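Below, each structure is written out as structure tokens.
Paired with chain B in one complex and with chain C in the other, chain A is shared by the two complexes that follow.
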Partner chain A sequence: MRNSTFSPKLKSQASMLMKSKGMASLAAALLAIALGLIVGFFVMLIASPESAFNGFTTMLFGGLGRLGDVFYFATPILMTGLSVGFAFKMGLFNIGASGQYTFGMFFALYAGFMWELPPGIHWIVCILAGMVGGMLWGFIPGLLKATLNVHEVITSIMLNYIGMYLVDMFIINNAKMYVPNMTRTAYLPSSAQIPSLGVPNSNVNLSIILAIAIAIILFVVLNKTTFGYELKATGYNKHASKYAGMSDTKNTILTMIIAGGLSGLGGAFAILAPSAIAGSSMTYEPINVIAANGFNGIAVALLGSSNPIGIIFSALFISHLGRGGSLVSAFYGYKPEIIDIVIAVIIYFSAFAMLMSVAVGKLFRKRNRGEVVRGPNASLTNHVKGKNENKEA
Partner chain B sequence: MDTIIYLIQNMLPVATPLLLVALGGMFSERSGVVNIALEGIMLFGAFFGCLTVYFIDGTTLNPQIILVIGMLIAALAGILYSMLLSFAAVNMKADQTISGTALNMFIPAVILLFCKMKFNSDGITNHVKFFVKEVPGLSKIPILGPLFFEKTYITVYIGIVLLVISIIIFYKTRFGLRLRACGEHPHAADSVGINVYLMRHSGVAISGFLGGIGGFFYSVGIMDGNVNGHTGVAGFGFLALAVMIFGQWKPLQIFFAALFFAFLRTLAYSVALIPFLSSLNIDQTFYKMLPYVATMLVLIFTSKKSRAPKAEGIPYDKSKR
Partner chain C sequence: MENYIIELLHITKEFAGFKANDDITLQLRKGEIHALLGENGAGKSTLMSVLFGLYQAEQGEIKKNGKKVTINNPNDANRLGIGMVHQHFKLVEIFTVLENIILGVEPNKLGFLQKKDARNKVVELSKRYGLQVDVDAIIENISVGMQQRVEILKMLYRENEILIFDEPTAVLTPQEIDELMEIMRGFTKEGKSILFITHKLNEIMAVADRCTVLRKGKGIGTVEIKNTTKEELSKMMVGRDVNFSVEKNEPHVGETILSVNRITMSSKLSKKDAVKDISFEVKAGEIVCLAGIEGNGQSDVIAAITGLEKVKEGTITLDSKDITRLPIRNRSVLGMSHIPEDRHKHGLVLDYSLEENMVLQRYWQPEFQTAGFIKNKEVRAYADRLIEQYDVRSGHGPISITRGMSGGNQQKAIIAREIDKRHKLLIAVQPTRGLDVGAIEFIHKQLIATRDKGKAVLLMSFELEEVMNVSDKILVMYEGEIVGELNPKETTIQELGLYMSGAKRNVKEKKYEK
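== the complex of A and B ==
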């Protein structure tokens, strides 16, 4: 390898780019995705070897033919992903996105069925109601964590179950919402449905645009406001930020309320969507199962390395995989659970992919030792260290 | 009196998996690794245990022998699955909560995929009668006989034996002392020549062993020998974590905490049989939520003074002193 033929300036620029934080997390995410896909391919090989290759390519590229659906299914997981990622920034693990999502969905449904409002306003009120529902369910673990030091992971898991049981009970006992012989909720009045974007054969609606706008707002809040700065500072080092005069209690509660509100919006966006059949809407079946979209949000947040902009892309990617997966099961007889396995493997590897990419970076550095700028690379290892250390408390 | 006997008979098979899994969590956390993957480990053990039972059912073996064979396979499966966690947590120094969550998400998908392909259903259904009507001889003892030796599963007795063994290993052996040292102050432990990585791997492996058995016992004692990818173990792995915290990471206290939770759950599912509770006419859903609400309340009252292992959740790095 004779790298020295390149101009030194260009080379140092390239290595700066390689070692910047964003690039490192992108590389980490791509590495995790690649490993997840390889496992998925092997599962397909075992399940039915003859159509594995065609199945795999369909899984990878099948979603491209149905972009409307990709956007539609990306909306809720984009919101839960933002919720989990936002809490991550402060060092909180919001595993309760599922319960907040369910509660938001219920509040949106309630506003949709029980309140009579003019068409232009009704769906907006329903969305806001969903947000309030999620905020409520995020507030509880936040309050308990901030005041009584109860670990948010356990409380929010318990709240997932409690919320699911409560919502199912409320819905079954409400004659206006529930159709007993369908064991599902009725169709929402059209005034409560979010306007469709009019893509043929797809449910995609205005909410994807709202969701992307919210992600951009969150990016600004995190990077350009005092609150965002305090939040990240608390996430890096709880004790130092407390010493600097930031209120840990207030920020914890506020973060969980916002995270809950984001998940609640996800639930509202999912249930208020008009379906492709004219006049009908999405329905909910109360069968005591915890909402999967909440847990998929964890995958989305990790893949996007908790960056709101990254989360937009990772939500689209996971949704794209999901569409590919449903095509694979329709054409080649593979079961759609393959996608769940791929997603779980991606999360597993993304938990330590950051470290793997640091290791790869070190390998890279050893080759051209002496010409490398030390700065950004040191800050990267510090970042990883900080992440581990804030688990201490 | 009949109601009390009924409740206790039904409580013990529920308490056993909670007890074992919480003990597993204790071994893992006292060695310094947060084990949020207990739910997944349980389900993995339950799956392989039930699969084994499915294959050896129909042979002339006694149902109780089948149970023990299933248990051993479940334990082995649990150990293997937990190694994925300890590899991530100890070798790769990954975030332990996240890798645990990934393991929890992985196994239900695997079960659904496998069972849909092989049985065209959501789970494995077995028809082996594990139920013990009465233990010959012992069931004749007044009061104690009907309480502990009638209408039960041998899982309860195995659970008690494992509890005793756990207490001995934890408090009376050199290994137990070293394990606990690694959860409190790994650097100090390392400085006197204890292999922290090995201790943490062992702690997680023991949690896999107990978690796998606990998962299989959940299938036996609560699901009648079946396993299902949709319902899984209904949050028992997480409840076990709460039991462990409530029991302050100590074996005997964990035992009583497990009994307490199991009692609440049994009560919730037998409301119709208790005249007083059924006359109150409260929606069944509230009783189903009871164990989860109780967990929250217990944590609220105990978390302020709870004493978690000091080095829990922090990857051990030799170079960081």
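== the complex of A and C ==
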């Protein structure tokens, strides 16, 4: 990624490096997916041998027939994936994407129900409100980490629960938002819903385009700006970034606010999606469940190597599996849980393969350590060996 | 036919086509001290790893007492009586001395430890060889010198007869170094053989019988110490003449740049203060050196000046501006350059490219960014200039990832960055640590050139020769206080050692209340 900043003069060298580095992570991801698919197939074979093969192919290719839905369901996990991946870049593990997502959802709902605004503006305001909600829920762990050095994993996990219970409470206590006998929120006014992209039988809407645009913006921020430079420097080596005069406090808070905002947008995008059925909308059920899309974001970020562009594809891939999986449970009688297991296996293997590739890279470095000539008189040919060390750095 | 206890014959070890050891032969006589000399990366560690069974050589063989042996792992090496004191000690900090010595070879009956026998053996060994240790002390509470003696006792306890010392003097005071030399001589009298890895020529001249020199993976030769000179050895090691004496003119001392006034700092490790009410000044055009044994507060003082740590009391002024509570960025802007002690921890973002590291302090300045976007062209041009000017070598020039660069070139990159930055004060902390003679020469020249341009230089170093040769004024720290203020021209290394170990002081003791 960083190689994209190279001037044309050194493009050949740059592309060589890019190949080695990019290829390594691509190979790791593909290997993971292949391994995961094999194990996943065995899970299906055990659950129901006779329909395993048809079920498996449906799972892999069924989503292709419903591309609109693949994009629709990719939107929220793309956002939470970006949230987790962005924080990863600074060395922070934002496991609180769920809470931020739920809070974003609530803020978006609140703006949707309580504020009356002209159509064309209303949904934009709702999206922004959702972002603010997520930012707030990201700000708290960021502040605690930056000022009191409380680990963000602890605070953000706790805030997942606090956020979820608070939102459930707020919604149940709000007569305008809550429909008690249905245990869900009322239908949102259509002015608060994000415009649909008009794909028949699908809820896919403008938000997927916004989400992809945001991913591209994040890519630019990370790779072209001083803020991205600081952020990555801090993530790679926080001692050096402190030495260089970068403000760890400021950057930690800012990163968590941005990560929270991204998750919040994910929540807003999910709840403000238009319904294919006229006169209805998405609804929120205050039933004390933590939003799974937050945790799915971790898998999305891992599979995408925390690279915003990679995350676009990993979100689409996981969404694609999910769509295929729901067809399998509908047509071949597999329980949805089995499908979840298969998807989990694939994700699990991806995380495992990432670790493997890092470990292999480390091993490689260790074995090569003796060979790199360390001295001012070292000739250039000897230094080329350093290239191997750079991989998986 | 001579009687060699261990022979490494024509060892070749390749890594992916690159020969780290190329046909190296090293023969150790029984009862000799054999030095292994070479720059960093010359292949010393690889050769020792082959001897220790960590690597298998592609070609060549190892013989013990004339018989061919295979060493596949460190246990094999141990069985053959080969022991090693590593540069970084391998001790369990929270165990006692005795527990560390018997670790791995604990005498037991039915799984119950038999500490008494072990204890007697250790006490007997320590008496016999004059290795003073307190067998019941916890490792983390004893001095580095004693920890080293524990490492040596570990080898003796295992009845090793071939003892390898890897850079053993790096952490010791001059007096401790003398003691160690004495102990090593004692071992050879008992018939043990010693391989002594170092790049300090004085020590080789003082203690070794023979010396094998490696350069770029090749064996340059083995010489008898009594027939050679320091100059000759260094020429063998580096491949050219090296100038040992640091050439410098009289300092032209100007106005005060850095002033440290009565600072006190609390310690992270204990309840005692790490720095106790110390004051000093550094003026333009002079090199002031903070000397002392590691852990006597020098690092804390540096951290306070550079802003990495906070002070409890006192003030620090730079160019007559109070910087005591300023953020690091502001200190840098006011004219402070800092070559940090640990180049991997603080000096570089190892996963960043060389060019990205070259602007680590300055990426935010208008020269390198507009509206928050980094100007890649300017960064590249700037990095190219520094690389050219300071001869920083790497595989891919500005886009090399710094992790893959050699230690000397990493340090050169940091020095280039810090010296090129507009500054009035240069703080150089252990600038030559772990570097070879050629790089050290370069860095000393840069420090003196900086001084001669009228900048103030504050040096912190544990290398006594560096302290003596480079600085214009030496401040010795002991237990958080400045105990000596010395002129390097009027003092000796031995005297410096006395100050460092707290045996002598020429600065009046202040009434210090905690």
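Here is the rule we use: the second predicted complex is superposed on the first by the 323 of 393 C-alpha atoms of A that agree within 3 Å, B and C clash if a C-alpha of one lies under 4 Å from a C-alpha of the other, contacts with A are read in each partner's own complex, and residues count from 1 in each chain.
Here is the rule we go by: a contact is a pair of C-beta atoms (placed from the backbone, for glycine too) under 8 Å apart; a residue touches a chain by one contact, two chains touch by 3 or more.
Computed from a predicted structure; not experimentally measured.
Applying the stated contact rule after C-alpha superposition, one finds that A:Phe295 touches chain B and leaves chain C untouched. By the touch criterion defined above, A:Ile124 lies against neither chain B nor chain C after alignment on the C-alpha atoms of chain A. Shared-chain residue A:Leu64: touches no atom of chain B or chain C.
With both structures placed on the common chain, the touch criterion links A:Ile38 to neither chain B nor chain C.
Of the two partner chains placed by superposition, only chain B is touched by A:Ile338; chain C is not. Using the contact criterion defined above for the overlaid structures, shared-chain residue A:Val153 touches chain B, although it does not reach chain C. Once the two complexes are overlaid on chain A, the chain A residues touched by chain B in the first and by chain C in the second are 387-389.
For chain A in complex with chain C, the residues that touch the partner chain are 2-3, 5-7, 10, 13-14, 17, 224-227, 229-230, 232-233, 236-237, 239-247, 367-368, 370-378, 380, 382-390, 393.
Residue ranges of chain C in contact with chain A, taken from their complex: 13, 15-16, 18, 20, 39-43, 45-46, 49, 55, 216-217, 238-239, 306, 308, 327-332, 338, 340, 342, 345-353, 356, 360-361, 363-364, 369, 372-374, 376-377, 380, 391, 393-401, 403-409, 412, 436, 438-439, 442.
Residue ranges of chain B in contact with chain A, taken from their complex: 34, 36, 84, 88, 92-99, 101-103, 105-106, 108-110, 112-113, 116-117, 230, 235, 238, 241-242, 245, 283, 285, 288-289, 292-293, 295-296, 299-300, 303-304, 313-315. Residues 43, 47, 93, 95, 144, 148-151, 153-155, 157-159, 161-162, 165-166, 168-169, 173, 289, 295, 298-299, 302, 335, 337-338, 340-341, 343-345, 347-348, 350-352, 355-356, 387-389, 391-392 of chain A are the ones that touch chain B when the two sit in their complex.
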